[in-house]
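Below, subunit A partners subunit B and then partners subunit C, in two separate complexes.
Now for the complex of A and B:
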């Protein structure tokens, strides 16, 4: 699968490296849900900066991942949405409200620290 | 009035057998039109004066002086009669376009141009009535020849004027569209986007793209969109603004909207645009203060985190 999933402390980083088929998107969702539980991760970063296109299926899947993973105890931040992708996503008129977004990994970490009360840093 | 049904029937008069229908392209051979043109040329001075007088009476071309009206009237009159004579409207078309170029910048309206051409048509028709009223047979035939030609001239002038006007409008639209919409960085990770002028769909889309590219390039955390310079707003534009804000959020930047005028705010509420996710501040100054607070807070957070991560 063209997704690199790294574990870093209490956070999980999933970098999508190339366009995914619908099947791979569903597999990713299952795997992330599984891993968040196994590693007891408190935060998840999904890096989509390699994606030039995000169709409505992937957008919905991202939203589903956010909601699923939250039920397993982790907050999600999406990182690296490209300008054209952002415009397209807005035009789908999906409810992207649950999506938390950051510009890059630094910003994502800061945001996650805020969301999880910064305990990840303190525990180190 | 029975002359309408007579119109397409030149067979009544044997000597007219060779003539085409007056509306067709053979006016130069039409002796009726020749006669008519000769008569109009003879009375050129009185007719012009009559026309100029009627134009002033009807309060048309109010932006032009009487002398100007008279000299333009002379030109139009001559072109008009020429067009009647030759049946070719090309010269008139060119002249009408030049005239439009001259008078559009001075604020002459479409209804005025159509009004004066129709006035001239009516004045000439009256003149024909006066001349031929004793011989109604002849009058009918003259009018048969005159009316289609005159109407065609009126249409030509009107269309030329409107085309010229549209050309000017299109040019101006392009000029507005080409006005760059600058995205300015005023602090680290803080951008402002002042929007001035008319927003249409195309410009709004272009603006959104520029904004998003700037957010990525400057790693912006906060964007202040100032719409003090936007006079009116409609549903399409409002939706574009909402989309720009939402897209910026997906890029990881918060957006603050400032400078909503009373008219714009009322329009937004009346249009029922969903602005719940928009953060708005009254003026640009307030917006910048709020933005600095947001960016400063986040900026500090980011550096703290990086510092801690480095140690």
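Now for the complex of A and C:
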């Protein structure tokens, strides 16, 4: 599969390396849900910078991954949404509702540190 | 001048090809950013509709140009069961089989022209166009001059 998954401490980093088929997108959800449990990861970063199209299917799949791994105890941050993709998402009016995004990996780590740091999180 | 490109749409792997061909043609024609991405995204939606709802079809990408404009015409056809209520399918809240209701209205917003013809006999044809004036700035200046 064209996704590189690395473990870094409490966090899991999934870097999408090329355009994915719908099937691969769905497999990614299963795999990440499994790995988050196996490694007891508290945070997940999904790097989408290699995707030059995020359409309604991919947007919905990302949302599903975020909700599913949250039930497995991990918070997700999406990084690397390309400028043109951001424009397309807005013009399309795709609602990325529960997605947390950051510009790059460093920003994602900082955000995850905040999200997973306190015990008294609001559970979102 | 680039010729038309045909992409057979049979399963989800063909969406990857359709997106790549659309982007390549848009870039070849000289579309500025973010247009190639908008076009590729719209085509991805339409291609997925073909896979999910009809089982197969094809997408033809056609370049066009005249003195003032250049553009890309997308013609997507399938022989599926057709869309019973086209008006509803183009509304934002519509969700057909598989909940892909977002696809059509979203694709329409990404393109300049969008037309959908569908019936149970012949299937569905979606025609979408994106175009650009050769010299957008000159055109805007001209329009402004006329208004002044």
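In this section, the second predicted complex is superposed on the first by the 117 of 124 C-alpha atoms of A that agree within 3 Å, B and C clash if a C-alpha of one lies under 4 Å from a C-alpha of the other, contacts with A are read in each partner's own complex, and residues count from 1 in each chain.
By our rule, a residue touches a chain if its C-beta (ideal position, glycine included) is under 8 Å from a C-beta of that chain, and two chains touch if they have at least 3 such contacts.
Bear in mind that the values here come from a model prediction, so they are computed numbers and not experimental data.
Trainee: Figure out whether A:6 sits in contact with subunit B (first) or subunit C (second), or with both, or with neither.
Mentor: After superposing on A, A:6 lies clear of both subunit B and subunit C.
Trainee: Between subunit B (first) and subunit C (second), which, if any, makes contact with A:81: first, second, both or neither?
Mentor: A:81 sits against subunit B, while subunit C stays out of touch.
Trainee: Let me test your reading of the model: by the given contact rule, A:92 touches which partner, first (subunit B), second (subunit C), both or neither?
Mentor: A:92 contacts subunit C only, not subunit B.
Trainee: With both complexes superposed on chain A, which partner does A:56 reach: first (subunit B), second (subunit C), both or neither?
Mentor: second
Trainee: So in the superposed three-chain picture, is A:102 touching just subunit B, just subunit C, both, or none of them (first/second/both/neither)?
Mentor: After superposing on A, A:102 lies in contact with subunit B but is clear of subunit C.
Trainee: With both complexes overlaid on chain A, does A:114 touch subunit B (first), subunit C (second), both or neither?
Mentor: After superposition on chain A, A:114 lies in contact with subunit B alone.
Trainee: Output the subunit A positions appearing in both contact lists, the one against subunit B and the one against subunit C.
Mentor: 82-85, 87, 91
Trainee: Over in the complex, which subunit C residues touch subunit A? Could you list them?
Mentor: Where subunit C meets subunit A, its residues are 12-13, 15-16, 19-20, 23, 33-34, 36-38, 40-41, 44-45, 48, 92, 100, 102-103, 106-107, 109-110.
Trainee: List the residues on subunit B that touch subunit A in their complex, please.
Mentor: Going through subunit B, the ones touching subunit A are 205, 208-209, 212-213, 215-216, 219-221, 243, 246-253, 298, 301-302, 305-306, 308-309.
Trainee: Inside the complex, what are the residues of subunit A that reach subunit C?
Mentor: Interface residues on subunit A, with respect to subunit C: 19-23, 52-57, 82-85, 87-88, 91-94.
Trainee: Any idea which subunit A residues touch subunit B in the complex?
Mentor: Per the touch definition, subunit A meets subunit B at residues 78-79, 81-87, 89-91, 96, 99, 101-104, 106-107, 109-110, 113-114, 121.
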